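Labels A, B and C are assigned to the chains in the order they are written; within every chain, residues are numbered from 1.
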């Protein structure tokens, strides 16, 4: 039995022991599992934040890593449970959009979890412990879980592509606000044409215009705002040693207009 | 030497390195220990929250797991340090009620820690690092710790049983408020008679009456309040995608009157 | 390949997946690494807090432990990346003072990281993932990282020694405020003369005078303030079951005058 990595993302916080129950369950069913905490501090019910957290980390994990993502406001309703297989990784969690960015980036085989086939009692309020954790544990132990799966199409996604309004003018949206207040937009560098007028020149939001384009925070003066490519390739607005989102009053979903140019000013 | 699991619950937060010191100590004394974080975010000095967190997670852990629970406002006073042995698990921490729910649920052998017998210096303010962590490390490594233990009776407990006021009418108390705002009461499903008038019909608090009884959050309309059995079997008041405790102004310890009926309405 | 311990301290929080990316990277490059979370809750950009957290925990870890400390407001600027070797441990992170307390306590060999020699792309905003994590992974796997290192002098330090104002009168500063509100000062017990007038008698801050000197919190009445030696040997002001720093309005860097005496009152 190889020592599989099971990486966890939840919005549970840790203080009630819900995460502990999941870890205990995994270790009971798969004693050699290597549990890795990615985060338990996703804001409660915030599926978009969970999706971002997963996207920002998953690609760096070894082949075979199993991600269990439990941001699950619809637990106990008819929302489906999913297992997604990419060529390198396994993703387990609710079908509520939390895998939106994975679906955009990876080709996956998608399966619905047949909860009714699972042994044991299933709490209607805690599928993290009673559905997702056991499947991850068994899968990690090399056992087949095929009997609990059924191929399925069209997993939920909230992803919205940037919209070209005009030549070189795009409507973006705020995808995420991170711990440091960086405002991350739904455009990745690799989604732009490789050459030509593909340099960000201007970002216009409700109450701001940013025209400074830099490589990193540190090139800005203290407190200065600038746009730059973030470490996952998304366009972001950052403030050197400050909190850009508070400064600009930006919120997830806000529209922002990007103007591209032939070269940086 | 088998690879023991040592699971940690503290109110230390992580940012000062106190938890790090405990982990370092454990790994130095027992290099093959598998440390599992349950939580370090118990509210400071909140013994009841620590007890709930432990109770919500411990039963899912493999046999032999050692739980180190350090919510310890009385460190350095005459409060005793405890080691409790149930038939499957080991519990180590201060004798201040943090094991109340374990004591209600499990038959345990209880021992006082003879700190005066421990080798090395013991900081009067940090028994987590200097008393509990070493004992857990040695125990996990299969070494006898008997010389540091003395049988003892009557560990502290804050647990209060529900009180029957009248036939089918019970006075409960708020046991815990969780991360999502669920109000968890001190009554478990299995403590009710198995048949007859054992269906929750009404919960009356200081400023609220709840008469809706559901199986899960998702059956409620958005924002609706309802009572249901939680994933550990406690009766709870939950609000679909909302924070029940804030909505109702509920606090730990508040009395709540439960009326049972013969069937759900 | 031995199973190395790689201990992490960051100011990233966990919710964006940045810490996850670092963990994934480490496990990909060194599958047998044992990752230990010390903290990801250092306040954003707070180098002094990161330094304290590291200092409070490092000494308890086994020989060979590699500490990766990423509190890095200057990432992407010309600030150097460092690898420090003490006789027992390895420290990796930015040269911005985060190793100040290690430098005071340990003899180290210091090296600058030659980022330009590293394989692969390096994000200018995320050296934690692209520079420090890989070096830690390789070092932990027993590979030489010498080719990426260059001996260097004078790593940054913010440490300031206590100043003797008069016989038995010292100007201290607030070094850290911990999770419980304890006010930790920049004086360690072992830095005082072993005998003579070396008992703390009085601490005078801007708006307070403390004259009570105790061994532990628990000797004080509830809510009472006192000075005592903390679990790492620093002089601290603590309030029994309360938050001393809020009570006294103390902040990191504030001056505090200590008077020593021949014996405790």
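Miscellaneous remarks
Operating definition for what follows: contacts are C-beta pairs under 8 Å (C-beta built on N, C-alpha and C of every residue); 3 or more make two chains touch, one makes a residue touch a chain.
The structure displayed is predicted, hence computed values, not measured ones.
Superposition of subunit A on subunit B using C-alpha atoms only gives a rotation of 120 degrees, nearest 5. Interface residue usage between subunit A and subunit C, two copies of one sequence, is largely distinct: under half of the residue numbers at the contact are used by both copies.
Taking the mean of the C-alpha atoms as each chain's centre, subunit A and subunit C sit 31 Å apart.
Across the assembly, subunit C contributes 37 as residues in contact with two or more other chains.
Residues 12-25, 27-28, 31, 35, 37, 44-45, 73-77, 79, 123-126, 129-130 of subunit A touch subunit B in their complex.
Only residues 5, 7, 9, 36-43, 49, 52-62, 65, 176, 178-180, 215-219, 228, 230-231, 238, 241 of subunit A touch subunit C when the two sit together in their complex.
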